[in-house]
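Paired with chain B in one complex and with chain C in the other, chain A is shared by the two complexes that follow.
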Partner chain A sequence: MSKSQKPTLTPAQLEYQSFARAREPKRPVLLNCFKAFLVGGLICAIGQGVSEFFLWHFDFTEKTAGNPTVAMMILFSVILTGVGVYDHIAQWSGAGTAIPVTGFANAMSSAAIEHRSEGLVLGVGANMFRLAGSVIVFGTFAAFIVALIKTLLAKAGGM
Partner chain B sequence: MRQGRQTWLFKNKPVIIAGAAVGGPHEAKGPLAADFDLLHDDLWLEKDSFEKAQTKMLEEACDIALGKAGLSKQDIRFFLGGDLLNQIISTSFAARTLAVPFLGLYGACSTSMESLALGALIVDSRAGDHVLCGTVSHNAAVEKQYRYPTEYGAQKPPTAQWTVTGAGVALLSADGVGPRVTAATIGRIMDLGVSDPYNMGSAMAPAAVDTITVHSRDLHISLDEYDLIATGDLGRVGHGIAGDLLSRQGIKFASGKFTDCGILIYGPDQPGVMAGGSGCGCSATVAFGHIMHRIRRGELKKVLLVATGALLSPLSYQQQESIPCIAHAVSIEYSH
Partner chain C sequence: MAIYCWAFIVGGLICVVGQLLMDVGGLTPAHTASIMVVAGAVLAGLGLYEPLIDFAGAGATVPITSFGNSLVQGALAEASRTGLVGILTGIFEVTSAGISAAIIFSFIAALLFKPKG
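Up next is the complex of A and B:
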């Protein structure tokens, strides 16, 4: 993934790319950030609502309400993916729908739906983690590193 | 026969005796809906996979073209075609149904004109009297292979293009009535280092410009001779860049004379397509449907169709290779 792997461009290629770039519509980054903030915040607010629901109506504590809340958010996301709405919301909201747990659920369920035609084992099973797999790999690895640092700090008497 | 560096001049002028275009639900909502012979409101086409649906569209387009010309499968000497799926399965499977001698081609979205140029070469040299040329793409099948699952929520940039669901077929014959293929310019690969698969218009524009200028130079003709020059699927972004590249070389067109199949196929009320249409089916359905109809109605006498192809694969993109691009031009004339 390093930049050094990229082939060096000739002057003609560089000249063309700046010529083309001047004629390409840019991603509206600021507007996208605002939309992502809005939708991401809304999803979190819904999550908070679901969490409150579990706290008030069932015998959950603030700590134990987390798991059923996440499960509900995943369920909402999978339903929206299944009926073909999630990708349209995502086009509008960008990172707002990608970053929360709903984005993770969408990545898994969309890949599972997509590859259903190749069967349950070679299709759904093998492809479900195609997009989400790297999140799990690097998420687990990052958690390991953080835990390691925390343990070392605790041993050193820092915490 | 060959004139200049890379142009074929067909002295027998093979005739496009029939053309057919089949489209999907998005194309049915577009401004060219009336130019399709058959439109499907369901992406699945009653099949259990998108890949099979893609095969079915190509089979339907072939049947329609044969029906229009009043020919049967036995009359077809050769079938030339390709698509975007790995190992061009849809075209090979459609060729299995047709059961005629078959040459599979891969030119990505330039396959429409690649097959038409080669088909014209076969007919012109009398190696075959009836040749079927065609290509197909299916939005969901192609996106599945090249990008993300259909329902995955990834935000596309404004330079992205929408893969057309459609099949376009042209039936070439040594004689008959219809638009005639007079010349074809085979493009060379242009790679100006663009590596973003969500910006294929920019990647392909130089290839289209190169082929157009070579065509005019090889044949010693002015591009003003053409009533219409339609590039393949550059979309709004790539087409704008191609126009500016040409005008930098002193080539300017009257308004409406230089257009793009990727722009024509969808309307401004379809913002989901972003910069326009793409895919094998884009230039094939627009050229063999819409533009053939305009030629037959007498609105256009001489047309240059320049189909552009981005010859990347998901693997080459992940390995950070840039996108090699190609464009093939076919000149079509019709005198009433």
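Up next is the complex of A and C:
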């Protein structure tokens, strides 16, 4: 994926590159978007059902029901990943399963299951965040910057 | 029932944005998810994400963008109580459920399940 330092190519190599690019299968963007919309929307609608369940049967409010909902969705996703179903859905729906929090859980649990054979500490423990770690790192850093700016602005405005 | 409709539509649209980043932008799923989280954090900073949650319910809380939002909300809430240090102590306050659930369940899954080809 690194874009820096492209080596200078001979004319024959350039010719091959354009030859290969013309024969790459075109991504069916519209169809992929439709699938992502369908599956992503469905996952969110299921999430809505779960959060209504928490609203009705436990003492959660509209605001606090989000947390247990996310936890339940993660549990579903981990179970589906464990029995090998989630990856089949993911292959079909693309971003529809990658963007909901279930995709985050799928990335963690599949990494954990896959590296089980390398042992509990060096396999499961060390590799669990291998795929999902970037989300936490960038989310945390972005949130830190945003919260810092907002807090400083509030302080400057308050004084 | 309308909330289910809006959850479906808004959640679906967020996934379409992700799909476009992957297909048109040529990004990997990991890059896409990272960008979505940062976008969620920025939207939270602009005060736009909470209204979206009020409007679309799980359509806004289930996509990974809400992770960025929750991080910012936790940090801001704690910062308003204890000052700048609160950003560090509060950042995982709201997202604790998601992260700990993912770690715990994934660990149990690694003990129970065998990898599938």
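Assume the second predicted complex is superposed on the first by the 150 of 159 C-alpha atoms of A that agree within 3 Å, B and C clash if a C-alpha of one lies under 4 Å from a C-alpha of the other, contacts with A are read in each partner's own complex, and residues count from 1 in each chain.
FYI, contacts are C-beta pairs under 8 Å (C-beta built on N, C-alpha and C of every residue); 3 or more make two chains touch, one makes a residue touch a chain.
All figures in this text were calculated on a predicted structure; none of them were measured in a lab.
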| item | value |
| --- | --- |
| Which of chain B and chain C A:R23 touches, first, second, both or neither | first |
| Most chain A residues touched (candidates chain B, chain C) | C |
| Partner chain in contact with A:G84 - chain B first, chain C second, else both or neither | both |
| First, second, both or neither for A:A12, with chain B first and chain C second | first |
| Which of chain B and chain C A:L131 touches, first, second, both or neither | both |
| Touched partner set for A:V39, first chain B, second chain C, both or neither | second |
| Contacts on chain A seen with chain B and repeated with chain C across the two complexes | 27, 32, 81-82, 84, 87, 94-95, 98, 103, 107, 109, 111, 113-115, 117, 131 |
| Residues of chain B defined as touching chain A within the complex | 48-51, 144, 148-159, 191-195, 199, 202, 205-206, 237, 240-241, 244-245, 272, 275, 320-322 |
| Complex contact set, residues of chain A against chain C | 1, 27, 29, 32-33, 35-51, 62, 66-71, 73-75, 78-79, 81-84, 87, 94-96, 98-105, 107-109, 111-117, 124, 128, 131-132, 134-140, 142-144, 146-151, 154 |
| Complex contact set, residues of chain A against chain B | 5-7, 9-10, 12-14, 16-17, 19-21, 23-28, 32, 81-82, 84, 86-87, 89-91, 93-95, 97-98, 103, 106-107, 109-111, 113-115, 117, 131 |
| Chain A partner contacts - residues on chain C that touch it in the complex | 3-4, 7-24, 28-34, 36-38, 40-42, 44-45, 53-54, 56-59, 61-68, 70-72, 75-76, 79-80, 83-84, 86-88, 91-92, 94, 97-99, 101-103, 105-116 |
